[in-house]
Each structure stands twice: as structure tokens, then as C-alpha cells.
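Presented sequentially are two complexes of chain A, the first with chain B as partner and the second with chain C.
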Partner chain A sequence: MVFSLLGQECKMWLKNVLFYAYFIVLVMFYITQMDSSVLVKPAPGGDNYGIVYTTDETAIMEHTLENLVREYGQRSFTTYPIGFYKEVIPDEEAMRRIGDIISEITGRTEAQWTEEEMPGVREGLRFSEFQEAMAEVAGLIGPGSSYSAESLRQTGIPMTYEQALEEYEAICETDRVTGAYARLFCDYVGIILGILPAFFGVARVLLDRRSQAAQVLYTKSASSAAVIAARYLAMVAVLFVPVLIVAHFAALQYIYVAKALGVAPDYLAYAKYSVLWLLPTVLFVTAVSYLIAELTESVLSVLLCGALWFGSVFMGSGMGLRFVGCNMIPRFNSAGATEQFFSMLPELIRNRLAYSAAAVFLVIVTGLIYEKKRRGGMGSGRKIRQNRTGKPAA
Partner chain B sequence: MAERYGRIALVNLRHNLLPYLAAAVAFCLAAPLFMGTRNLDGVQSAKVIEMYLSFLGIILLMPVFAPDMNREIFDVVRSKKESMAVVSLIRIAQSVFFLLLAGFGFLFYLKAGNCDFSMAEGMYAFLADTCFLGGLGLAVFAVSDNVVFAYMIPVVYYIANIGGAKKYLGKLYLFSMQAGQIREKWILLAAGVLCIVFAVWYHLTFPWPVTYNGRHGKQ
Partner chain C sequence: MKTEIVLQDICKNYGKKQALKHLNLTIPEGMFGLLGRNGAGKTTLMKILVTLLPADSGTASVCGTDIRQRKEIRAMTGYLPQDFSMYGGMSVYEAMDYLGTLSGLSKADRRERIPLLLEQVNLGENYRTRVKAMSGGMRRRLGIAQALLNDPRVLIVDEPTAGLDPEERVRFRNILSDIARDRIVILSTHIVGDIEATCENIAVLDEGTLRFTGTVDELLAQAAGKVYTAEVSKSELEKVKRRYLVTAMHTKGSRAEIRFLSEEEPFAGAQKTEPDVEDAYMYLMNRRGEN
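On to the complex of A and B.
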């Protein structure tokens, strides 16, 4: 039953203008976003090799402390909660506590460290202690500050030739070229996949409403679970297959680049990254929009999903575009930084599993709402269902 | 006559616009939770106006044809003495009124927070962006008769502006105030107004979408 319904649903989508608009937008977005920079081996003596996020704990502590003392002196802290600038002026109590924290990590009194041009951390301060102190500061200031755990990981310093060479070798050996560019592909395409599936969930519900088919469907023998599962899976299929097609064509370019560099490419890198990274986004956004649309039977679902997308995209933008956390749209806007990516991979996997599980939960809730509508518990299905299943009045 | 127009506006407000109005109010009230609204410099103020407030165009202008999605309602409204063009104009005037109200309110709030921007320029940029995004959606809706598709196009246009499509959009770039190019906005405003006029004309001339045999459906 589910497979038969699934086939019908897919056919329906293939006749819908929305599907073709989605495909065109996906292709255009990929073409306009992807830069055409070529992977070249760095040469010694260059002026600029780019920026590397340092793992040097001393450098991170010094850089962060300098920033903290400056902002404390200005009694104003810069934050980017969803990518937009927000100035935070903590209350007196919070300011006092931040001052105490600076004294604790410098090992000097406030009178002493305010006189110094660039106070350093006290000798013997462990990085874990520093992280704890900064977590407290971040809690006092609010989200999007420079002192959160994510921000501490994003302390950038100029890359040396040796580091640039190391990164190039990691792209060739660990990522086999295709893996590095597959990540960049997922980073870009993830942005648009954070919102486009929302239109499908709403469209599915409005199609029934507009053609006044809902009440007819309520009387059919297919179970609510089968109807919802088939519809949801069909939406996911028509949304994700185009992603795989675009990924395939994107991969061809970098398979060629890898071969030109004498590297054995990973032919399935784009497909693997797409399934791990992008499929959970499609699953979740489709589930959210379908659930809200089934509840409200209106386009308000698009607005709510738009708000979710807005928050997710701009939340990542204040974090150097390499950020996972609990974000619906994980960002890793770099073809290099292989080591950093693999250190973030467990977090990415946890994030993606959580969103996939949430999607399954939301689809189950949608099924329950649909069943309730069929039984006449809410919405427009009341009379029809009663007529089919109820006992004759006379 | 004024009473009749007032009744049309009231019915539209009560049965159509109210949830979108609530969404717009919630959207404006939520802003200070996520972004700074005090002591912003010119670029930061422009960013809030262009990248955040411009969404109000989609929220408030898109519901203009929403009641006509139901063909029975459309036929009933069409059979009334008042022409559909007048009904559409009243709905648009209502949406634009609330758009202006929200824009003025928000910009006054920013000004009161000592943000550094010209009120006239801010309002101009706000109107240009919102009219363009909302008008684009209305025009797509009029032609396609597909409300979801109509929402999709302005949202995608907005995303294209954030991303790398800036070089392809030329003077129709939404965020030019941030680059100090406020004069270019007249093109967006004109294009937005044209889209709205076209949408009303098309919607009233061809109320149903083009059918698969290439002809317009029931008229």
C-alpha cells in the first residue's frame, strides 16, 4: 500500500511546477555559489597563505584575554546572536563578576591589570580552567559572544608556508581532493536546503485543500500512517534525488582535478557527504513544514520555517562559517582545514542524527494529527468519517 | 460608498489579513531579542533594515490574493456590485498601510535607540525592498495561481542576494544601502510597483491559470 501510494505521490510531484522550480533553483544556487578557485600546491616565499584556526592554547588564551579586557574597559560587549551585530551592556553585578574572572585568570588585581597595556594569563593556568572561565563570561553576556566554546575554536592566525603545505597534503591524501570539495558543496547547498523543502510540505497540504480532496481521502481504506509515510517519503525523494544529481555533476569536476594532480579520487565522496550532511536537513525541514501545514492548513508554515532558516543561517555566520553546534544548517565554508573538519566530525554526526530522529518524531506527530482529523477530532474531516464508520442513525 | 469600502476592508482584515498582521508584529517585536537596535552605525542600521525588515514585504503583501485561492469565494466576490479591481486595490492599500505603519514604527524605534541613519533614506530603502519582494510574489501568484510557488520566488530571490548572485543582479540588488548606494533603490521601488500593478491586472484579466492546452481556463 505504502509503495503504491509513494509511486502516485512521486508522479504527482513530477507534474508540479514546484518540483521544476526547485530543481532550477538548486542548480542555479550551486553554480552561483561555488567559486572556481583551482587547487594549487603552495609555493615557498608567498605573501599570504590564508588564515588557519589555531589550536595553540597559549595563542588562544592571549588573544581572547586581550579582547575581553578591551571590551570590559569599554563596558560594552559585541555579540552576533544570529549574525546581526548586537551590543550587550551587562548589569553592574555581571560586570563585577567579569572583572573578578579577569583577575582570576591573570592572577592580578583589577587595579594591576587595568594599568598594563596587554595583561597576560597567570603562569600555570590550564587551558581547561581558561575555557571554564570563558564559558562563565559567555553565559553572563549571552549568545554570540567571542567567549563561547565555538568562538574559542575560531581564533584565526596567518598561515605559514609549512602549514599551507600541510593543508594541501591533507586535501590530497586524507580527502583525496573530492572529499574537501564535497564538504564545500554541502556547506553551500545546505543553505538552500534549509528552506526549499518547507514549500513542499505546505504545498502538499494545500493541494488537498484546494482540490477539496481531503474529505474524499479520509474515507479511503489506506491507513493514516501509510498516507503520511508515503507522502513524506515522496517529498523527501523528489527533494533529495535532484541533490544527488547535482552532486554527481559537481563531483565530476573534482574527480578530474584529482586525477590531474595524480591523486586517486574518492568517487563516492559527494554522495556520502550529501547523505550524511544534507539528507537530515531535508528530512527535518520537510517534517516541520508538513506538520505545521497539517495543523494550520495555511502558508503560515512557510513563514515559521522561514524564521527557522533565518535563525540557522545567521547563527552560523557569526562563527567564522565553521560551526556545527545544534544548528540545523551546519557550516564548514572551506575546502581545506581537513584536520579541523575531522575534529568536528563526531559533533556533526551527533547533530545530523539528532535532526533525523527529530524528523521521524515530527512525522509520527503529523500522522497522529492526520488520524485525528480523519476521526473528526479536528478540522474538516468530521462528518465524512462519521458517515463512513458510524452506525446508521435510524 | 466610503462605508462600503470600509466594510470590504474590515472583512479583509478580519478574515484574511489578521494572522499575517500578527506574524508581522511578532516579527518586529522579536528583533531586539536577536540583534542590536541601539547605537548602530550607518552600515549596521542598513543591515537591519535591508536584511531583516524587508521580509515584511513578503509577510504583508502576499496575502492580497489569498482569499481568491478559493474559487467559490472568488466567484461570489466577483458577482458582487463592487468591481474586483476596487476590492483588490482596497486589499493592497490595507497591506501597504500596515507595511508603512510597521516600517515607521520600527525605524522610529531604531532612531530612538540612537542609531545613525537618515529616517527618509531608511524608509525609502525599506519601501523599495518590501515592495519589490512582495510585488514579485504577487506577480508570480497572479500568473501561476500557485501560492506556495509565489512565496518561494521572493524567498529564493532574497537568498540569492545574501549569496553569490550579487554580481548577476545589478541594480536589483536588495542590500545596496549597506554599500551606501541608496539612489539605486528607485529601480527596485519602480519594479515592485510595476509587479503589483501587473499582478492586479493579470489576476483580474486571467483569474485562472493557463491550462495544459495553452488556453486560459474558466473565466
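On to the complex of A and C.
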């Protein structure tokens, strides 16, 4: 019965304008947001090989100081407090203190370090001292600056030719080109999949309510578990199949690139990454949305999912967009950094399994709520309420 | 197993409001009319019978099966709520197919049964009609067809003719009468004409209490000798209405033909007449204070 019902539910979605709106938004998001840069082998003597995140303390101090002196000179600081750009112009007192901090870490007066093209930190300055100084600067400027502890951990420095070549080789050999770009695809598409499924859970529940079909459906002999499982799986199917379709077209481009570079592409890389990375997001958001909608029979579900999405998107905004942790939307905003990705992979797998398990749990709870409603445990009908309040239905 | 529904001491409260008060009732095979005002407890009783509501106390069984065995009860009952509808975007056939799946029918059974049922309710030409494009009467007929998908031993129909035009109402009554063979059909309504045309056995509910149960003839017998007709002037009409319960009135110029209830011989010129179900129902409900 579940499979038969699943097929009928999918058919219903294919007639629903929401499905097509979702598909269009997904495609448009992919087209407009995805980085379409072409992979080329780095040549020696180039001007710019991109950036690499470093853990070298000296490099971090030099790069951060350079940035601080520049922004101080402009009397304007760039911040991203909740992920959005915000320019901060500190008051005179704060500016004076920032100037003093720069003097302390350079060991020179302001007149001296403003004369220099690229002032360095004073000899013997410990990294911990530097971190304390930057924490004070971050406090003066406000959240989301380049001087917060999170930002220091993700300091990007210009890549050398050797590093660029090493990254290129890792992309070709370890990732077989397609794997690296599949990760980038998942990073972008994951953002939008963190919210769009919310509309489906609500729409499914409100469809019963608007069409006044619930009471007839409740009295049929199908078990609540079968009904909820079929509906949930149908939503997941109609949400995820378009992802696989878009992923397939995205893969074609990099299969071509890989072949042009003489690399044997992994034809299933996009599908594998999508299932590992994106499917748990779809499972979880759909489950949250469906549960809240079944409980409240309102659009409150979308608002709650929106809040969850907002928190997830900006959880890693100060972490160089390479962040897993407990985030619903893991980020890895890079086609390279293969080694870093594979070091994060176990954490990513744990995260994705946890969200999948949570989704299963939420669906079971949804089934219990649905069964309670069928038994009259959560509201007992419009007509009875009307009669009780003296407004007869007929 | 005997085809009957047995309710014993059923109570149902909504907060402080008592919707059903110690209800005892046996519903036999055939068409059974459940009559009562809005708010009398009819919908509550039907929802208990189709497992949409639990009774607070008492016991109930449907064809020998305890009402608490929900899965079994759902498999043997069909339900048509008053405000029945289905997903507007579905065609008639798709709606039946979907509900047939929920009723546990296999694909082969659905293919065989759905056309037969649609023919039975005169929707044989409407397979592809969208639910949202159907008239109220067509929708109710679809409602009956879906309620019969699992070939239920008990069919429960809530206010099926409310809002239908006379032609559609007659057609609907005939369909119900046709399908009442070998099963229980409970017809809940506050329209006395529906009961008169279709039911042999009835129950009358009033504020959660059973006021009457028996055959239509027994109900009529209670009002026998209490129904009169008379022709009065319009000036006398108000006085008559204050003294007697007028059940029908037809004005003709300055005079009015009235039908009314009276326990004793009324004024001169009034003639005793045979009661109809509406008279008997009004007589029963009007006697309420006497019990």
C-alpha cells in the first residue's frame, strides 16, 4: 500500500505549481550562484594563484596586521555581523585605542608605522599576545570583523606556485576533477535546500485542510504510519530528484573539463556527493516542516524553518565558509583544498548521519500526531465546535 | 455475525458541555434515520461510530466488533461527512483511486470496483471531471461512492441532502435506498422529509439524549389524533399560533390554511387529520417538557 500511495502522492506533486516553482528556483540559484571558473594547470611566474588558508602564526600575524593598518588608514572597517556586509566607522576614542594597539604590536610609534609600506610585528611578539590584541580590536569594532578569533583561524594568504600546483594535482588525481566541483555544487545548493523543503511540508498539510478531505482520509483503514511514510517519502522524492537532475547537468560540464585535461572523471561524483551531503538536509528540513505543520496546521512551520535556516547559514559565516560542526548546512566553499576536505570528511559523515537519524525520529513523531488526530485527540471537528458556540453548520 | 450496532450508556463531553448523555441504542440492518436539531449530538455519535472521536464512557460495538478496535471498525465502515470534499485538482477517478488505496484495495480491485461504484452513483460519465469543478450534488454522490469503496457493512452519512436542490435530493435518497440492502445505513439529518422517504427505523436525539427510537409508524402513532387542520382568518392566526404548535401554513388572500398540534379537541371548524413524520417529530419535540 505504501508504494501505491507513494506513487499517487508523487503524481499529486507533479500537478502542483509549488513543485515547478521549486524546480525553477533551484535551477536559477544554480545558474546565478555557481562559480563557473575553468580549471587550468598553474604556470610558473603567475601574478595570482588564489589564496590558501594558513595555520602559520607568523603569516597570520603579518596578513592581519596589514589588513588592520589599511582599514585604520581608511578609518572604515568591513564587518559581516550576521553574514551581511556592514561598514563600521569607530568613534575617535576607539580609533585612538586601535592606533595604540597597532603601535604596541609593531613596537613603533604611529608616525613610524604609517610611513612604512608594510609594517611588521615587533620582534618577540607571541601569537597569544597578538590574539589578545586582536580580540580587543574586534571588541571595539563589533562582531563579524576580520579580527575575531574565528577570522584569525581562517586567514587566507596568497598561494605560491608550488601550493597551486599541488592543489591542482590533488583535484585531478584525488578528486578526478568532478569530485572537487561536486563539493562546490553541494556547498551552494545546500544553502537553498535548507529552506525550500519547508514549503512542501506546510503545503501538504494545508492541502488536506483546505480541501476538507481530512475526515474522510482519517476514516480509511490505512495505518497512520503508512500514510505519513508515503507522504513524507513522496515529498523527499519530488524535492531530491530535481537536485539530481541539476547535478547531472552540472556534472556534464566537469566531465568534459576532466577529459580535456586527460583525467578519467568520476561520472557518479555529483550523485554521490548529493546523496551524502544534500539528501540529509532535504530529509531533515522536510521532516521539521511536516511535523510542525501537522501539529499546528499553519504556516508557522515555514517561519520556524526560516529561523533554523537563518541560524545555519550564518553559523559558519565567520569560519571561512569551510565549516561542519553541528550545522544543518555544512559549508565547504572551495573547489580545491582537497586535503582539508578529506580531513573534515569523517565529521561531515557524522553530521549527515545525525541529521538523517533526526529526520527519521521527527517523521515517527509526525505519525504519532497524525494518529492522535485520527482518534479525535487534537480538535474534534468544525461542525461540533460551531454547534457548541451556537452557530449551526447546517 | 449479526448486522447491528449496539450502544450502551455512551457519554461524551466537550469540557462542561454534555454532547451525549448515557445513550443506549440498537441500530438494526437497513436504513436508519437519526433525527435531531443542530447540536443534538448526531455528529458526535457518528464520529464515535467511525472512530473519529472516542466516547468518554460506555461501550459500543459494530457488528460484534468493539468500537475501540479502530482498524477493524475502519475496515467495515464507510463515512460521508456533511462537508465532504477531496483534493480539487484530482479527477473523479483519481480521487477514488487515492481513497481506494487508503482503504487497502489492491490495484486490480480498484480497477474493477471504481467504475462500478461511479456507475451506481451516476458519475459514470465523469471520470475526468475535476473535483473542484463538480456541483454540490455531484460531490455528495462522489462522497457516497468513496464511502462504499471497501464494501462496508455500515455506511454512515451525515446531512447528505443539506443544500441540494429537490431533484438532486430525490436522486440521492434513491441511491441510499438502493445501497441499504444487506448493510446498515445511518442517515443523520434534521430534514424530516429525508427520513420519511427512506427510513423504516429512526432515533430522535435532543441535547444528547435519546428522545425516541422505533419505527416510523410508531413515531406516527404517538401523534395520532393530535393533528388538526383548519382555515382561519389572518386576524385569528396570531391567536392560534400562540395557543397551538402550527406545523404548516398556507395563506390564501385574507385567510390561511393551517396544520397544527393539539392534545384536546380545539376550536370549532378544526378537523382531525392523519399525522405525517414532520407532525410526529414536532409533537415529540414539543412534548419534551412533559417528560
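Operating definition for what follows: the second predicted complex is superposed on the first by the 279 of 394 C-alpha atoms of A that agree within 3 Å, B and C clash if a C-alpha of one lies under 4 Å from a C-alpha of the other, contacts with A are read in each partner's own complex, and residues count from 1 in each chain.
The rule is simple: a residue touches a chain if its C-beta (ideal position, glycine included) is under 8 Å from a C-beta of that chain, and two chains touch if they have at least 3 such contacts.
No experiment lies behind these values; they were computed from the predicted model shown.
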Once the structures are superposed on A, label A:8 by its partner contacts, choosing first (chain B), second (chain C), both or neither. second
Please indicate which partner A:107 is in contact with in the superposed arrangement: first for chain B, second for chain C, both, or neither. neither
Looking at A:21 after the superposition, I want to know if it touches chain B, chain C, both of them or none. Which is it: first, second, both, neither? first
With the two complexes superposed on chain A, say which partner A:120 touches: chain B (first), chain C (second), both, or neither. neither
Counting contacts the way the document defines them, which residues of chain A are shared by the two interfaces, the one with chain B and the one with chain C? none
Report the residues of chain C in contact with chain A in the complex, numbered from low to high. 14, 17, 19, 38-39, 43-44, 47, 50-54, 70-71, 74-75, 77, 79-90, 94, 97-99, 101-104, 107, 131, 143, 146, 150, 159, 162-163, 190
Residue numbers on chain A that touch chain C, as the complex places them: 1, 4-5, 8, 11-12, 15-16, 207, 211-213, 215-223, 227, 374-377, 380-384, 387-388, 390, 392-394
What part of chain A is in contact with chain B in the complex they form? 17-18, 21-22, 25, 28-29, 32-33, 35, 81-82, 84-87, 188, 191-192, 195-196, 199, 202-203, 206, 210, 298-300, 302-303, 306-307, 310-311, 313
Chain A partner, complex, touching residues on chain B are 19, 23, 27, 33-36, 38-40, 44, 47-48, 51-52, 55, 58-59, 62, 66, 69-70, 144, 146-149, 151-153, 155-156, 159-160, 162-165, 168
